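Heads up, the thing below is written out as structure tokens.
Here the chain labels run A, B and C in written order, and each chain numbers its own residues starting at 1.
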Amino acid sequence: MPPAVEIVGLTRVYPPAGKRATARTALDGIDLVVERGEVHGLLGPNGAGKTTLCKILSTVLLPTAGVARVDGYHVVKDTAQVRARIGIVFGGERGLYTRLTARQNLGYWAALYRVPRKIATRRIVELLDRVGLADRADERVETFSRGMKQRLHLARGLVADQRVLILDEPTTGMDPVAAHDFRALVRSMRAESRTVLLTTHDMAEAEAICDRVTMIDGGRLLGTEDPRTIGRWISAYERVEARPVPGSLAASLAALNGVTEVESIDDDGVRVHTAAEGATQAVLRTLVDAGVTAITTGRPSLEEVYLHVIGARGLAV
Amino acid sequence: MTQPPSAAGQDGAPTRFAPPTQRDAESGYAPTVEPPATAGRVAATFEALRYACLSALADLAVIYTWKTWTFGWLARVLCQVAFFALIGRLLQNPATTDYLLIGSAVVIVTMEAAFVTASSTWERGAGTLPLLVAAPTGPFVVFVGRSIQWLISGTASANIALFVLAPIFGVPLAFPTALAAIPLIVLIALSSYCFALLLAAFVLRVPTFRNIVGNITWWTIGLLGGVQVPVTFWPGWVGAIGEVLPLRHGLAGVRVAIAGGPAATILRDAGLEIAVGAGWLVVAALAFRRLAEGGRRTGSIEFGE
Amino acid sequence: MTSMDLRDGRTLRLPWPRHTGFVAGARLQLAIFRRGWDSLLALVTVPLFTIAFLAITRHAGRTDLTAYAVLAPAVVAVIGMAILTSGEVVTQDRSNGSLELALAAPSRFPIVVVGRVLVVTLVSLVAVVEAWLVAWIVFGVRVPVPHRTAFAGALAVATLATVGTALLMSSVFVAARSARTFQNTISYPLYLLGGAFVPVPLLPGFLHPLCRAVYLSWATDLLRDCLATKPVPDFWPRLGAVAGLGAVGFAAGYAILIRVVDRARATGRVGHE
């Protein structure tokens, strides 16, 4: 069976237009495979090319070069088949008919996806129940909260039983409880072997629900990795954080074998970077002997890796 | 610092992800239902149209209450028709009064149908355009249905203006033939709507011009259609353009009907109006397909826009 | 009293308060016009109105009414812009979220609105030039202005009176429940009652008192008389009527706007949000 998404050498160049005198490369030779049933995150700053990639996969945009396949179907040559299989889930307020009810919105999109009416009626009831909107089904969408609209978006993306879903920053602007509930829904997609491609800025979210994440910047793919092991992009070894650590103790830590750096954090804490086997134990022993009790160990977080790889841009986009 | 591994992996092939084996076994993955046969597609298209019309009616209920429609919009329409009819009084020419009143009343339906160029851009504002392009049915069906509120309002206001103001201004109505004006106005509404849909396909690219295009449209159709002056007033080539525009033939039919003229003439004008409308509907469908394809090429269809 | 420090070190003292809000509003409106054609809709339709009106009069063989046919589109456009653009000045701020910020700023908000409305009204005068040009280009018709000074004076006073009415509209629209319906509704009634094309005496008698209560019918009659060859009768009293009624509109608009602002501060809501 072909993978859910297969991308080879995908490129999208925008020719010079208007005030912009040079061509802009939004995607530059991307290669990526997303297997069935995978929840795959796309991380990158604004303008990195995440949305461009999503638009190409959903057939809303043509690539300039390269190949993209969804479920084995070519996004340019087999557009109709791709459209029947892919569901787009936006984040935010856009993309819903606010003056219609939730049920009517889903009926609408079911019709546009040519779902036979009987099947559509049954499926809409199931979907509304699943996303927790069953008792608000016949209320106008304009009365919904942000979280409810997002859940309706997800239902909309599933109305034709699409196997591949693209979620474009779905939890932007959601309060933590709503976002948490939404993520649980996304996780349930995995159990049905649906493939989810998710663009997000939220590192915690990516770590929580993605099987793998891909970092994109400037149209280029920087790497793909399981978020739980992505720390090894920066360091193969653990780091130790502890507080309070006076200056003398910090100096003795720095002198230990295998310690590459002792970084000050907060007012009185340190982060000890190691680069050798067994160094962590030595550091821990030293700290415990000195009476320090607030100690944590770990690999670099996804956020750290992101900031490290994408780079500090200040406020520039 | 180690470099992140590239997606190409060490052997140059894309890195593959091996899902836990239980998923493949238990998922019971079934291919998506293939697009249904032709009868099913037609049914689905009508279903989509039905929902689009539902959306239009929901909009209508928000735009107008019956009070605001009657005392607001209808009052304005009556003033608009009276404004032009009174010019005949200034000219001290009753025939001009009759001519202007009938023309100004009927063009109301074209004016409202032209709102579709503006209201179509609401799809862009609502962020649904990319979703429509990505859906199997495509966007045209939705655009056909989602602005029909203007047809309903326009047909009602034009007919009311004609049959209420004509006796007030002393315009003779030859009943029962004059009643043929009602279905003729409906036909003009539909053909104007089809023409305005074509322009909507262009205005979606430049939504800032939506109101300007809408207004220029109905004014031009009116000028070339014999609303203010007979088409013979204009130079030949200008008048000829009006032959293929909505309103011209239908309005001629309305004038004949009100004067109690022959049914054959009325039917011929009705037939021409239908033909004009059908022609523009086809062109509009092609324009929307081009919009979608062009948008895919240039990237002008934004996500969440 | 305003003090301004000049570059050469001197200090300029002006005997009036420095209304930076007025200037800010005016400049904002100019910037908005540069960016968006939609707010100039009324000017785009001037050629169409002119062609229609001139076609009617010429088809009827009434070249004596050419001046009426050319003035009317200009009047329609000026009032049209007052309704469409001036009327939306405050409601637009409310919908794009900048109204609360404007109310919280030091400049007095009604003054800002006056600045914006003045710019809109001045820009709408382009319609006069447009109508004259279209008449000449399309029909080869030149409309002379026999009483130039009187015409200029009447136009200037009518413009200021329009500013007053436009201010009234912008305040009423934000206070009313459904501004958009209002906007689409009052255009033609105003053109009709204001005698934009057909003078008020030709309207049904029961409408005359209503027409005369609005500055517009006085202004259109006066402007038409300035385009006629014979001397303009009762010029100054009629000009006074335009000015006076315009001032009433201005005062009413300003008062309503102040009330809207005060209520916004008290209730946290602006008009019927």
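Observations
Everything that follows uses one rule, which is that contacts are C-beta pairs under 8 Å (C-beta built on N, C-alpha and C of every residue); 3 or more make two chains touch, one makes a residue touch a chain.
These figures come from a predicted structure and were not determined experimentally.
In this structure, the chain pairs A-B and B-C differ in their number of contacting C-beta pairs, and the larger number is found at A-B.
Central chain assignment: B. Criterion: smallest distance from chain C-alpha mean to the mean of all protein C-alpha atoms. Our note on geometry: subunit A versus subunit C, Cα centroid distance of 53 Å, whole angstroms. Chain centres here are Cα means. That of subunit A falls 41 Å from that of subunit B. A separation of 32 Å divides the Cα centre of subunit B from that of subunit C. Within subunit B, not a single residue touches two or more of the remaining chains. For subunit B in complex with subunit A, the touching residues are 1-8, 14-19, 23-24, 27-29, 32-36, 40-41, 43-44, 47-48, 50-52, 54-55, 58-59, 61-62, 126-128, 130-137, 141-142, 295-297, 299, 301, 303-305.
By the touch criterion given at the top, residues 1, 3, 6-8, 12, 14, 26, 31-38, 51-52, 54-55, 58-62, 71, 80, 83-86, 88, 90-100, 104, 107-109, 111-117, 160-163, 168, 190, 192-193, 211-212, 214-215, 221-225, 232-236, 305, 309 of subunit A touch subunit B in their complex. Subunit B makes touch with subunit C in their complex at residues 63-64, 68, 72-73, 75-77, 79-80, 82-83, 86-87, 89-91, 93, 96, 100, 208-212, 215-216, 219-220, 222-223, 228-230, 233. Within the complex, the subunit C residues that touch subunit B are 36-38, 41, 44-45, 48, 51-53, 55-57, 59-60, 62, 65, 68, 178, 180-182, 184-189, 191-192, 196-199, 202-203.
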